[in-house]
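The two complexes that follow have chain A in common; it is paired with chain B in the first and with chain C in the second.
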Partner chain A sequence: MSNVQQPPTELQILLDGLCEEQLTPDQLSRLEQLVLTSADARWQYLQYMDLHGTLYWDAAGAGSPEPLSSHEMPAYVAPADITPAGRPASKKLSRQRMPLVIGAMTACLAIMLFTVWQRPTPVNPQVVTVPDTPSKNMAGVASTEWVRSTIPRKHGPPISIDEPVVEPGAENFDEPLLVQQSETTDEPKPEISRAEPAASSPVRSETVIARIGEELQSRWKALGLQPSARADDSEWLRRVYLDIIGRVPTVDEAQAFLADKREQKRETLVDELLNNTGYARNFTTKWANLLIGRSSNPQVNREAFEKFLRVSFTGNRPWNQIVADLISAEGNNAENGATNFLIAHLNNDATPATAVCSKLFLGRQVHCNQCHNNPYDKTKQLAFWELNSFFQQTTSVYRQRRDPNTGRLLSGFTELVTQDAGGPTYFETQTGLMQVAYPRYNGNDVDASPETNRRVELARLMTTGEQPQLAAAFINRMWEHFFGIGFTRSVDDMGPHDPASHPELLASLSEQFMRSGYDMKQLIRWICLSEPYQLSSRFSDSNQNDDPSLGELPAFSRMYVKSMTAEQTYDSFLTATKAHQVGAIDWTHAERNRQQWLRQFVVAFHTDENDEKMAFDGSIGNALSLMNGPLISKALDTSAGSFLGEIVRQKSPDTEKIRLLCLATLSRTPSPSEFSSMKKMLREASVPRDGRLRVNEAYQDLFWALLNSNEFASVH
Partner chain B sequence: MLTPGDFVTDEAADEKRIETSPTSEFVQLFTHHQRRLFLYILSQVHNPVDAEEILQETNVVIWSKCSKFQPGTNFLAWVSQIANFEVMKYRTRKRREKLVFSDEFLEVVAQTSLERSEELETRRTALADCLNKLRPKDRELIEQRYAPGERGKHLAEQIGRPANSVYQSLGRIRRSLLDCIQQRLTAEAPS
Partner chain C sequence: MSLVTPSGMSRRHFMGHLAAGAATLPALDFISHVKANAADLKRRQKACILMWMSGGPPSIDIWDLKPDSKNGGEFKPINTKGDLQISEHMPKTAQVMDNLSVIRAMSTREADHGRGRYYMHTSYVPTPTVVHPAFGSVVSYELGSKRKDLEIPAFISIGGGGSSPGFLGMTHSPFLVNGTGQIENSDLGGIGLDRLDQRLRMLGTVEDNFIHSQRGESGQSHKDVYVKAVNLMKSKQMDAFKINEEKKEVLDAYSGAPAQGGMMGGGGQFGRSLLMARRLVEAGVPFVEVDFGGWDLHANVFQTLKTQRLPALDAGIAALTTDLKQRGMLNDVVLVWMGEFARTPRINQDVGRDHWANSWSVMIGGGGLKGGMAVGETDKDGISVSSSKSYQPGDVWATVAHALGIPLDTVHKSKNGRPMKLANGGTAIQELIG
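Right after this comes the complex of A and B.
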């Protein structure tokens, strides 16, 4: 059988979930939808169920190649030599299944015995063993218990099922969508004493903002570029909304800003957006996707993790403290959301945790170093394992409890624990030599004895005081967030092999960021008010060459066009169409709907690095889902109370209605030529006969076209 | 066509049925179709344990109805109707506590399942070979997963691997089994 396998499709993921009884009701209905709409999916569903059922029926391996072809008993019991592992599986199994056939025979011969079948009135002990759950099978239970208590575990202590379950905190997520700042009280307690950043003199924002402009101007001059014109209010407004709070402005918000005549209105808006709940939500989405990925690892409590981030961002906790929490978190993953970061990456001897920490917090990709020294820069294999050894005391334990009455398993939680383990980590070099690595970070050795909590030490070494690399990695990431591209080609691989386009600016911003106390909101203010962020995305006469997609180093002489992320698309869609007015009353509920919609685009690669791919890339598939999915049909609803319905029924001229629809979707008023073609379309629709209905349809068509335009789908 | 009325189990009716004992042909058909019937029910309720329970209940009814079966007609079609009724009863019982599929879903799945039942049988034959072709580690894992009394979660605990990784491996193995089955059938198909 070939080892190369395509990543599973959405359907396959759902079907696997079904086999493992892991599906949520939402996923089940998604599965239904797929199966109902495609004959191919139906067939795949049956293939899966048949495989699952056959394996269950035959208890894998005993699979007799013959279908049940005879009523003779021996034919039913699979010959032992077909059992591959040579263990007495077929015997055990046949004991379990036989009652069925024996029962059938009994019934056949003496139908009088019908009542025997009605459990629990056994007559013949063999007949009685008809299990109603597999665990009632005596042999099964006995062997299970035995194995459970003796097999040595690679990770962590044995799991006690009777462990009392602490009330999961996940239920406390009914924060209303619009309450602001209420979360700051339950801010996670910092566990590590942190040296205050050297705040010798307060950072002056104007100075930093001006510095960004100067640095870029001097480069433009050197390259002979004329930067693009200043973006008009509509363009800038839409951009800053999408970048800071992850959605387009509403019609009211757009009108208010466009009508605002104050000189400082851009500054004011940036501050307003940073205090909007959307800010925390947007960056929570961004960082949750980076830190734990989009695909749901069943052990990870995404809701709790997002809550940790949301609380942190709402309270504007310094970035270094957030990182310290992520690295050193312990305990119940529902109560301490930060634990979920490592829980997501502890597999394969925590090599993903090592690589992801380095990539996200330090801007260095080291996963290649797991197996060899990097030929392009000086990073060594040893350094990877030295970092890795900080995670070697850490393990995650799944705790679950049975309901004493029904015996059913109750939902559990995962706990991140640090064990009293010491000593080196072993790894193999390319030449097959076994080597050891001790915990060591950035030239600092850490005591390798069991008494040391290595992750606490790592957090201290990586995040306290002046940490230029931590700061630079964050600056680069945020610069990429706002400009579509970072200072380096690959945002999280900042080694000497990929020199930064503006090294001085990067260094100076990192410096200021550290001096500001790793203040994220301050950094965003600097970026959004800087000169390059004010530029239009349209080319000027002389900056056509400033195009990083052609391989040029970015000069930031215009705003590069970004495509919306799936989350931005979804949220903007709801903002523009108010399609969400159905349901969604609290954060958790809204977030679940959103996650469900997003899931269709995520493809998880089951690799050692927990890679995944977001298939939201303007492909035909996702275009179709936007054009024809349930979301758009809700959006195009013209019944009372719907956004489109309200606009269509307004007693105002067509031009006003068109203007509102354009504002809702594109945050701008249409150009004269756009106006005239839209009006023409509407006029044709309102000619004679049941004109009323056709006007509705024409508006639906118009709105549909706007929502599916390139302009809607991009941040520019 | 069976109607719910056919399933009234008053004692007088039961006594009548006892008089008719099933023919050996009936017994053979019955035995032969047990697995297929189980798989049919599973495709409707997606949980093997529940499917087995429903199968038991269905069997009781099948026996009580054995005289109603007309030899020469499609046995599977006949028993699947009885199963449908039992699935319905189960669903009414379990709707509150379990995830159940919609009626529409059951209908289309049932139809496809019956239409392509022979194809599914062929696939099952190929499976035995494909299981033998698995890498020993994979085969062991899938055996452990489906060993009587096992469930995915416990399995992860037992073998000391994180649940999600076991889950992923099982998914991968299932897919490779399906791929293998597909390849065998394609290879065997007359060109």
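Right after this comes the complex of A and C.
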């Protein structure tokens, strides 16, 4: 929030009002109007919501004594006073007053997203040379930037796409016509209309979800497999929480869902989780790790990068636009977080940038092609350097500002800069010949003169319109996220050497994903409500061999057991134990603690490929950390106000306390035999020794066992 | 379907350990028994220390110099106590080269860090269908599982962590430690052994329920790893990590001259890690990997080698070899030096060398292998193997297996039942085993 110093604008006043729920209906509609008519306002709105969201996670989120009810949108915290020190002071809204605010926010968000989806994604297969330098570009294009609606102009040059200027209001009327036309004529539908998002030719979720089920069933039939039984509510609940928001449900969340008798409760929960701040946080973690790695790099501003992702995911920006931003970002890396992606990979002639873009966005490993043609799939060394040459104008510069009054150096930042450079990129073949490569992507040559901003061109060629490879790579990675394995064994390297298990389904989902306007939340809905995602992880007699760890192609006839990631473990520990509430701290501090804990598992190789490994892999070192480390010792705190302390002091029978501890950790009620063995152990452990009753210790030990168990460590 | 059970080490074995721990008394008995026999027995146990040069070391500047070629660079070769010459910046190592040999005819085809790391550690090229175990995990499986008195992990990786146990399972995963000798979270954190045992009993109840829930083997392998972690926490053998118990002269010898100690870009660390490796091997650990990084020298190769990498490397190898010899352990401990690949003979425009797998050197010695030899050779510019035979990592690991007494016809089964030959069917290098 850079303009704290200036008098508040109308928008800010309204946003504050929204969070303080002081808005009259008139003001609310004024706010809607502002947000819907100005890109800047939308950006500010998202920033504002993001700030509240992050505060919310810490102060009221996971582990809140009050349920994040499964019937409401998650609550945001309000108000947030930005004190002169910049430290947010937050207080929680009372529960009775939340629904109004929530409702208003939901309305705003829904309308906004709807509008964003309305926007056609333009396709322009020709090569377009951008006539101006990026900075000159900005002024001219900004007012028509609808696709990039959530990005403020200061966040780098917009991708210069020849895009029709459409009045916002006119859109709703235009598009159905377009579709009707293409449906009634015999002419092949132009690609552009198929890439058109939602509303006009709505992708029917039920159809997509049903299609997933049908595709898998036909394979099960062919293989003679009986799928596993439907997962019970506890199993499914824990899984969907971990997969979508990256943590286990709280006791209250679990109880609310288990008690819910409505038929549509799974659908409802998926929607609620997608609107939970944990959703953006979880996928921010995932993508930040993929895009900039976990090792620290002094040039990279991780906080700003995560903020870029968080705001993008919160606003559900289409995936192709996020990718376009990452590729074409420019400027100060503190202000435009997206720049940090390339800043992290520009070393060694941007060869890592080349390899990582291809791997993450297209699902193709090309780094071997840096030195030679690939003998397995015909990709050529030249193609690597053609892609690489898109990054050859780009450099990063470290800058430091000086305080104008004191003359002291202020903390610096990195700037991602496009230089006026042109011409070919040189590379050496294995036989020692020097060769040249010009910017060329997927058969499209791009003007190699200095006037062209090559990254803007690459972003356009890679992300606008129908991009089956971009879509398929994303689908595959998301499928892996939810099922533990993608359609191909490696999501980083799809290709003829690694045939997909369900090629038709992958193609069809990619198609629908493009039609939905690269809508990530929609994709997650499809996956989480699909038949295979409802299945138990227990195998039946018939599908025991459906096990990808045996090297077989997956049939998805049961849910494969995943291990919690380090981040899921940390966040789930905090949720289950409310450890973060022992000695409450602000969000920045909390995030710093989280990063510090995670760092112990990162192995960086310090090579020119920026490769690293996360050694959170179920090894002895991990076990030691969870058995004896600081996380568990905080969790076992029984002082007043701590989670375990409250439970132990409750005036309720042992069975109730056991039930609550199991719910907090495993999201389920213990079986009768578990009840009796746990009760027995507690009794034995509580026997007074040295004249001291040891009830607390007994409960600590049970809680320790639950938190260290294989079941807790699994997403199943 | 299920993981192959390590020979001589069943799940029952693990549970036996756990039960023994719970009863406390047998465990004490056990420890004193170990102590009584340790000094003598342990020294005769076979082991391997892998010096892993992360990033890809330029073997042309270290083990196979080409002074008469334009590719030769700045360094000159010097004579050694063995029948071969090495770099002038390895003078201390030159004095122990009668114990060490250099395989100069490696030709390994993977010149990408990730793939090279995998290939050199496992002897297999990466494939999407199966994860192969690093050779350290193979040794853990073959030898570690038979050492009943070994309470700490059988594969320890100091300062590194780039390898995986693959289908052998997480109990054979490298135990990652840093070079300081501080093992994070390995003490009981103020609780007594009785509390720990109480916790483990409760854990057993919860875990067994999940193990029997028909969800595959992840539940059991989680439990197996916890058993190993508990063994380690209770073990006196953890003292092997405490390098500060060594005399100062020893520490200094390993990390180079005292004046340079700590000033060699992590070099002092390399020496200390090697010292820790020796202590671990003495305690009965059959495989220790020591990571020494900073070799990805695309620029300024000679200056970096001369001032940082080589002084540390030289001191470390020389001190370790001498130390093992003095303790009568050199015949049982194999030393291997390698990275994911080496570096281009051609010197690039930044006075650096790039990735090169076509013709390079690996150093190997100890363990009863012949020292002082160069096996195979490269041509005058170092760009290809000129001897009749070139070698793959499988041949190096087969040679190590021979020295460790692991039968070369050993076959492991991957999870899907596919037979996997030890070291990918490599053959022990005849010149070295004689």
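Operating definition for what follows: the second predicted complex is superposed on the first by the 491 of 716 C-alpha atoms of A that agree within 3 Å, B and C clash if a C-alpha of one lies under 4 Å from a C-alpha of the other, contacts with A are read in each partner's own complex, and residues count from 1 in each chain.
In the analysis below, contacts are C-beta pairs under 8 Å (C-beta built on N, C-alpha and C of every residue); 3 or more make two chains touch, one makes a residue touch a chain.
Note that this is a predicted model, so its numbers are computed, not measured.
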Examine A:Tyr398 and indicate which partner it touches, taking first as chain B and second as chain C; both and neither are also allowed.
-> first
Considering only the touch criterion stated at the top, classify A:Tyr45 as touching first (chain B), second (chain C), both, or neither.
-> first
Can A:Val203 be said to touch chain B (first), chain C (second), both, or neither?
-> neither
Would you sort A:Pro25 into first (chain B), second (chain C), both or neither based on which partner it touches?
-> first
Should A:Val561 be classified as contacting the first partner (chain B), the second (chain C), both, or neither?
-> second
Partner, of chain C and chain B, that touches more residues belonging to chain A | B
Touched partner set for A:Met678, first chain B, second chain C, both or neither = second
Chain A positions touched by chain B in one structure and by chain C in the second | 606
So, in the complex, the side of chain B touching chain A is made of residues 14, 17-18, 21-22, 24, 27-28, 30-36, 38-39, 42-43, 46-49, 51-53, 55-56, 59-60, 63-64, 99, 101-102, 104-105, 108-109, 112-113, 116, 120-121, 123-125, 127-136, 139-140, 142-143, 145-154, 156-165, 167-168, 170-172, 174-181
Touch list for chain A against partner chain C, complex = 348, 367-368, 371, 432, 488-490, 493, 497-498, 537-539, 544-545, 547, 549-552, 560-561, 563, 600, 603, 605-609, 611, 613, 615, 617-625, 627-629, 633, 671, 674, 677-678, 681, 685, 697-698, 701-702, 704-706, 708-711, 713-714, 716
For the complex, which residues does chain A have touching chain B?
-> 1-2, 5, 8, 12-13, 16, 18-23, 25, 28, 32, 35-36, 39, 42-43, 45-61, 63-71, 76, 82, 84-85, 89, 92-93, 96, 100-101, 103-105, 107-108, 111-112, 114, 117, 130-135, 137, 139-141, 143-144, 147-148, 151-155, 159, 297-299, 346-347, 396, 398, 400, 409, 606
Please name which positions on chain C make contact with chain A in the complex.
-> 1, 54-56, 111-115, 117, 128-130, 153, 160-162, 164, 170, 173-176, 183-189, 195, 198-199, 201-203, 205-207, 209-211, 213-216, 218-219, 221-223, 225-226, 228-229, 232-233, 293-294, 296, 298, 346, 355, 414-416, 418
